[in-house]
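Order of writing sets the labels: A, B, C, D, E and F. Residues in every chain begin at 1.
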Amino acid sequence: MPIVTIQVTREGSGPGRTSVTAEEKARLIAGASQLLLDVLHKPLESTFVVIEEVDTDNWGWGGLPALEYRKQRAAGGK
Amino acid sequence: MPIVTIQVTREGSGPGRTSVTAEEKARLIAGASQLLLDVLHKPLESTFVVIEEVDTDNWGWGGLPALEYRKQRAAGGK
Amino acid sequence: MPIVTIQVTREGSGPGRTSVTAEEKARLIAGASQLLLDVLHKPLESTFVVIEEVDTDNWGWGGLPALEYRKQRAAGGK
Amino acid sequence: MPIVTIQVTREGSGPGRTSVTAEEKARLIAGASQLLLDVLHKPLESTFVVIEEVDTDNWGWGGLPALEYRKQRAAGGK
Amino acid sequence: MPIVTIQVTREGSGPGRTSVTAEEKARLIAGASQLLLDVLHKPLESTFVVIEEVDTDNWGWGGLPALEYRKQRAAGGK
Amino acid sequence: MPIVTIQVTREGSGPGRTSVTAEEKARLIAGASQLLLDVLHKPLESTFVVIEEVDTDNWGWGGLPALEYRKQRAAGGK
């Protein structure tokens, strides 16, 4: 009866995309469910997967909003 | 000081509805708070309830997006 | 396919108890599942309930650890 | 590697605002990350912060939707 | 910067085991991180995975504590 | 009515400590509650803080259990 929660920023994975696509979500669901089957022998029908998309403003890393932190890392030393 | 989090798919509960209504949310809040009062004697004013509506694309069951899994169950054996 | 998460402090609900009992947990599970059936017509077998017991040291209210806050409320004005 | 999740109602913090501003979110992210650095010596770049804004309809307190509960408290005794 | 949370019951995956092993946890962590890399091109070092083990008493399904529900399914029709 | 959830590994913050101390927890609770008061004018008594301590085996980063990943970072290039 596992529950897998996947939190990601609401962004596209490539140029011209602004969010996670339905096809990518389906692959995340399939992959996470399969992982629980492979490692812990949990039947597919007993696993729930919930995907939460979080606006980039609402995600912080390094003490900064996510996009600023990425810019800083890209520019700066680290 | 309980916190009750209720995650449901963003869908209507009957024909012509496309989401959980404000009245249904109020009933979920009242019912969950009452449950904590009845079972654990927690006063109503010390319980928080948070309802999270999840797009059907973002909910997986049986290794599939939720709507596909339901279709498969309705059609198939189980 | 609802998921209901119930977070409570790890305490007994009456004298001589130091934690939530298995019988109380079963009542929380039954009640939460029934609520989703009554309000949103979700079949019992599609609802998961997860109970999380949190040490009182790890729960804060009013800017204080929970037990201190309760003492202050009991003693003080509010 | 801490994760700090901040759940708040989707409301403005003052007249003329209807939601948490980007500047307020940045302050929450900075403050929460700094807190983990100060108390537990966690480097800023190892802390994630996720802000979840919850519609007021979806938040319950005192057995009621949040806005109704506030009205009742403002009006009533407590 | 994804966060993957995996909630499972605290049980062994085979005879003679009473909990998820460290080796199984490492496989869950590796697999979930790889999934985010494959599907959304998230670098491994930007993904956090948190595994939460939940006592079987604290997990409900079908309106019952998980072990009772399993017994009922095994015995009964469904 | 904010809820702040702080997830950290179950470790001491200095030599000779194997877990977060009660005093550190109290500081996290005070600081998080104050932050919500300062930034969003939320009264202290309307904020809940929940601290979740996660075993280091159960926390993944960089595709590895947390302690292995730290070792690798300390040893290796990054």
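One rule holds for everything that comes next: a contact is a pair of C-beta atoms (placed from the backbone, for glycine too) under 8 Å apart; a residue touches a chain by one contact, two chains touch by 3 or more.
To keep track of the chains, here are their UniProt names: A, B, C, D, E, F = 4-oxalocrotonate tautomerase family protein.
The structure displayed is predicted, hence computed values, not measured ones.
Counting steps between touching chains, the shortest path from subunit A to subunit F takes 2.
A count of contacting C-beta pairs for D-F and for C-E identifies D-F as the more extensively joined pair. Residue contact pairs shared with B-C exceed half only for one pair among A-E, A-D or C-E, and that pair is A-E. Averaging C-alpha coordinates per chain places the centre of subunit C 22 Å away from that of subunit F.
Chain geometry summary: the mean Cα position of subunit A and that of subunit C are 29 Å apart. Counting partners per residue, subunit B has 1, 3, 7, 28, 32, 48, 50, 59, 61 as the residues that reach two or more other chains.
Which chains touch which is summed up as A-B, A-C, A-D, A-E, B-C, B-D, B-F, C-E, C-F, D-E, D-F, E-F.
Across the interface of their complex, subunit C is touched by residues 1, 3, 48, 50 of subunit A.
Within the complex formed with subunit C, the subunit B residues making contact are 1-9, 13-14, 20, 24, 27-28, 31-32, 35-36, 38-42, 59, 61, 66. Within the complex, the subunit C residues that touch subunit E are 22, 25-26, 28-30, 32-34, 44-45, 47-53.
Within the complex formed with subunit A, the subunit B residues making contact are 7, 54, 57-65, 78.
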